[in-house]
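First chain A sits with chain B, and in the next complex the same chain sits with chain C.
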Partner chain A sequence: MSTTTVKPQKPWVASPKDRVESVLVFIVAIAISAVTVAVTPMKGKLAYVALFFISYLVLDYFFNRIKRGKAAGIDSVFRAIVGMAIAIAITPIVSILAAVWQRGHKGLHLSLFTTDMHSAAPSDPIINGGLLHAIIGTGLLVAFALVISVPLGILTALYLTEIRGRFTRPIKFLVQAMSGIPSIVAGLFILAAIVYPFTKAYNGIVGSLALSILMIPTVARTSEEVLRLIPSELREAGVALGGTQWRTVAMVVVPAARSGLVTAMILGIARIAGETAPILLLTGGGDSVNTNMFHGSMGSLPFYIFSGLTTGTDESITRAWAGILVLLVFVIVLFVLARFLGNRKVGK
Partner chain B sequence: MADDINNPDSGNTGKKNEEDMSTSSLAAVAAGRQSHAPATQALGVGLEARGVHAWFGDKHVLNNISLDFWPGTVTALIGPSGCGKSTFIRTLNRMHEFIPTAALAGEVLLNGEDVYAAGVDVTKIRLKVGMVFQKPNPFPSMTIAENVLAGLKLAQLKVENKDDLLEECLERAGLWKEVKDRLGTYGGSLSGGQQQRLCIARSLAVRPQVLLMDEPCSALDPGSTLKIEETIQHLSSSVTVIIVTHNMQQAARVSDYTAFFLSDGGPGEMVEVGPTSEIFSRPKDKRTENYVTGRFG
Partner chain C sequence: MSETRVIPAKRELTTKPRLSDKVFRGVVTSGGLSSLVILGLIFVFLLSEGFQTIKSQGLYFLTGSQWNAVVTDAGTIDTKQSHFGIAAMLVGTLICASIAVIIGVPISVLSAIFLTFYAPASIKKLMITIIDLMAAFPSILFGLWGFFVLGPSAEYWAKLIHKYLGFIPIFQMPADFYTRSPFVAGIVLAIMIIPIVTSISREIFSQTPLDRIQAAYALGATRWAMLKTVAFPYARGGIVGGTMLGLGRAMGETVAVYTVLNIVYQINWHVLLGAGGNVASLILLKFGEAGPAEVKALMAAGLALFILTLIVNSAADAIVNRTSKGGR
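Here is the complex of A and B:
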């Protein structure tokens, strides 16, 4: 047995000395921006950030240029610009999340999920009432929209990827155009096409129909992308084994794309869960639980938030922020789930 | 793929390796093989191509190929890349029409009947003429056992004893010993060579009369290639095998007949066909001789 032990090393990783130097450059840049803000007329947070970025860019460039040459200097400029762009892009998202948490968490309590608002006035203490009716309403609206949109969306995607008939191009174009429809237009369409001529009243199902118009393009486009990733060798293998096209699609292509199709579904739900305009137009609101999709107005999270904010008492505004927090968490959970399912290896 | 570096069978490197290979040594390999070629053959039995032409859009890719495949034999199709070998075998089980711009002329007779005749059920043709593809393509959503039996479900066939069929097909494909303890795991967990044998087993499960193999070893390492070749030897007693290969040693090792395809820039044509030992020892056409001795291509 050999007694020599070789320690695994990573010679390509920055040494502690390198790291200290990079941090020093960073600190010097902060110091320069602080001094500039103090001695020049440029003031405010924005000036501070902008000056820091410029001084860091220049310092880092010269530091790297002196140390490792011109190419490394330019490399460091690009790295700094990319890092700054990411920081700018992430800032609004993080600040939205922070604002929602800051204002919403005060309205959180356990009975929020077990009671509705029918016996609570807008100015009642937060502990009274809850958003059970809104959660149930949003759940039902989304579920019905899901039942309508997922089959239509996936079948559309199958037409585009498997049948590839004469109408592939126009349908693809229409699906892309549809995904840009403003939600208020979808709501007005259902209002004009169904509510005015026929039902003439608020109810849940017409809201779900409008949400479906918004959801179908998302499901169809995502499913199409997923189905395109399935290698054509699998389709050929299925057909070469004596399967008809329909059986090959049903038994080979769709199962191979299963996790991607689930992702398409979840992205579709996330697209519509927070839609407000069509719900305001078609489903209305309400303070008590209504589980009948075909009769009466129905509460929902977006409506709850809308009415809470417009009522204007301190309590109702806090309730609305709690509603926003619940809705946001719901959507984030869906996206995380979509990522998780999408990243799983096909067939595992 | 890292395997390709050492792979004597992948199109380009394969031919380079052959360059120092003289005609006589390939002929010796071919002659050393026990041939199943029958002396005489009743017409109208087996698979026959009659004046097959093929097009992709306006491009004429295959010109007037007539070729018979005797039952119980292995026929190798050799020739440089782009000469239409793969296109030709795809016309035999009607996979050619899978490509939207494809067109065709001529007849392909299976047991005396044209597979392109009006009213022929294309799925029945593909059941009788199975296919193994260049890249192993087991169904990712199915286990090993489900993969082997997938054809039964796809074609809605009834079988008395699925377990027996499963074992028989895996045995014939030379895979049974390696996978019998993990039939429930996914096909994707096997090595490339095992996956390809799984695909062969899958093709055998619907009991084809003819098996088309489109460069079945080009993505495999030499060890797996050897196993597939052994499998082909075993199969040839019960199934007509047609194999496209870039590896001339492989053609010499496994086939009874060899057909040489060539394209001079225009549509691919069949230059010569004959018993494998003759193609490699006394080719009638100068171009065949140049190709099998590695002087071009």
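Here is the complex of A and C:
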């Protein structure tokens, strides 16, 4: 008597043969596009990419259709299309990062972080001047905006999650609407409401006010999401121990959501650090270090970049790219920090 | 023998909030209403500053395409001779934002499908992080990149489009000038809205009921057939909402458009011609040279932009919320 052992089959997993075949289709498509570019008058990267896309789609379709039938052919075409879409979506990011590094690193030098631009003309060599005033300015603008918008943002989030009164739906709607305000409108509003009636001059604090309008929705929405993740058992436990709502929120809910609330702040900073339009309307720029938020025009990184661009000399454009490199590194660091904090478990 | 029992007075049970709670609720509620207050103030102040212009220009403000401020000797605006019409810029806003949506939305939705249904877990997380990172890029970076890096390539694409599709009216060229056109600005805006549209579509797609997906597979559907019959019908509303949110972002963008586009004050339907503008970039352009009187006209333009984006965003929000809650 002979026994046969049944080996588990996985017919849906691609066999080595299938893999080799699909790689072959890929290579043949590249070859076709290369040959076509070489033979026909079509030229350039665009022709190469487009021909590759088309020939891959056609080859893949017929290959799968012959092998597995019509439905599989269409399925594979769609798979190829979504693959191309994600490739197209990622390409600009890679291109942007590469361009910023390639053009920006030429403008980097040691005194960049220790000097300002007050004694450097736009066409001076790169080594003259720096962006100390811009870094200090952006730091101050962001810090003041943070002081204004974090309390308001977190209170909004607490209203939406803890109080849940009759304004919950309208406020949710309004926060959403506020996050879509064009930044230039925030600038115009501060201009109309504060600069013309009261201060009548450019200074840092009005810039911070405009930035906080843009920051509040980001902080509010992120905090709301975090507070929603706090298990309601924690709130019930707090109330069951005799705590008032105030003490429950202050001693239990907010500490449990601490790292998430910090994430909300960081994302808010990342949102406004590079905001340019209201800065151009309100802060007045300036080439030297100014640490007084209430008097005198205030330099900032976006203004530095923008004025470098509009001045238009080779040196000033290189300075602009160096400025954007610094700004981008700052934003990426914030983003990674927010991800790191956000990935930790709530309640730790 | 009688025993006196002492019965303690009943402890008073009350649901009345204590003082600390009253204060807490008051503070949180007033903080929560800050968004209402801010939005209201924006509307009131822009209206009060811009009202004069809108009143003196009448309907011309929306339909006219001239913008010239004539200042009298006294320093005030000569309302008879000055023209403030934002039609050219409204058209520019719509053209740039439409190009952005036409290019950006298909890429975003297909990317979202890839990330939700096709990507292996390891790649998925990395790609989501990269695309979310793009959302945090400052807009001036997109402007710089669009001007220096994308511009030359896009000019070449524009020439190709004109050569082969030139018979379509909007691709015709009255002059041979392809640099800094609405087409380039539209591509830059498309790239800027990819992260937001992708993340909303991804959220909607990931809520597709698992039982329906598995039912489709159990009936022998391929992945494409499942997407066509289950995922698309489920996510349609959410995608429309995400598209409108992207449209709202693209309409309000200032600095990137200002940097990339050659701002010329005329109605220009030729998307490949290097002339155009949007309301936000107009405000930035004119602000530098504007006297106090002309600024009032810019406030009116800002009010128009504010109302426009508010309408688009609210509609988007309503659509997204309805879809993500109810399903079907």
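Following the convention adopted for this analysis, the second predicted complex is superposed on the first by the 282 of 348 C-alpha atoms of A that agree within 3 Å, B and C clash if a C-alpha of one lies under 4 Å from a C-alpha of the other, contacts with A are read in each partner's own complex, and residues count from 1 in each chain.
Convention: contacts are C-beta pairs under 8 Å (C-beta built on N, C-alpha and C of every residue); 3 or more make two chains touch, one makes a residue touch a chain.
Because the structure is predicted, anything quoted here is derived from the model rather than measured.
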| item | value |
| --- | --- |
| Chain B versus chain C as contact partner of A:L158, first or second or both or neither | second |
| Touching partner for A:P182 - first (chain B), second (chain C), both, neither | second |
| First (chain B), second (chain C), both or neither touched by A:A256 | first |
| Partner contacting more residues of chain A (chain B vs chain C) | C |
| Which of chain B and chain C A:A99 touches, first, second, both or neither | second |
| Partner chain in contact with A:R247 - chain B first, chain C second, else both or neither | both |
| Touching partner for A:V239 - first (chain B), second (chain C), both, neither | first |
| First (chain B), second (chain C), both or neither touched by A:P231 | first |
| First (chain B), second (chain C), both or neither touched by A:A38 | neither |
| Interface residues of chain A shared between complexes with chain B and chain C | 244, 247 |
| Residues of chain A touching chain C in the complex | 44, 46, 71-72, 74-75, 77-79, 81-86, 88-90, 92-93, 95-96, 99-100, 103, 151-152, 154-156, 158-160, 162-163, 165, 167, 170-171, 173-186, 188-189, 191-193, 196, 213, 216-217, 220, 244-247, 249, 267, 270-271, 273-277, 280-281, 302, 305-306, 309, 320-321, 324, 327-328, 331-332, 334-335, 339 |
| Contact footprint of chain A on chain C as seen in their complex | 17-18, 20-21, 23-25, 27-36, 38-39, 41-42, 45-46, 48-49, 106-108, 110-111, 113-115, 118-119, 127, 129-134, 136-145, 147-150, 153, 156-157, 160, 191, 194, 198, 222-225, 227, 245, 248-249, 251-255, 259, 280, 283-284, 287, 292, 295, 298-299, 302, 305-306, 309-310, 312-314, 317 |
| Touching residues on chain B, where the partner in the complex is chain A | 93, 95, 98, 100, 123-124, 126-127, 130-131, 133, 135, 137, 139-142, 150-151, 153-156, 186, 188, 199, 202-203, 206 |
| Interface residues, chain A side, partner chain B - complex | 164, 231, 233-234, 236-244, 247-248, 251-252, 255-256, 258, 345-348 |
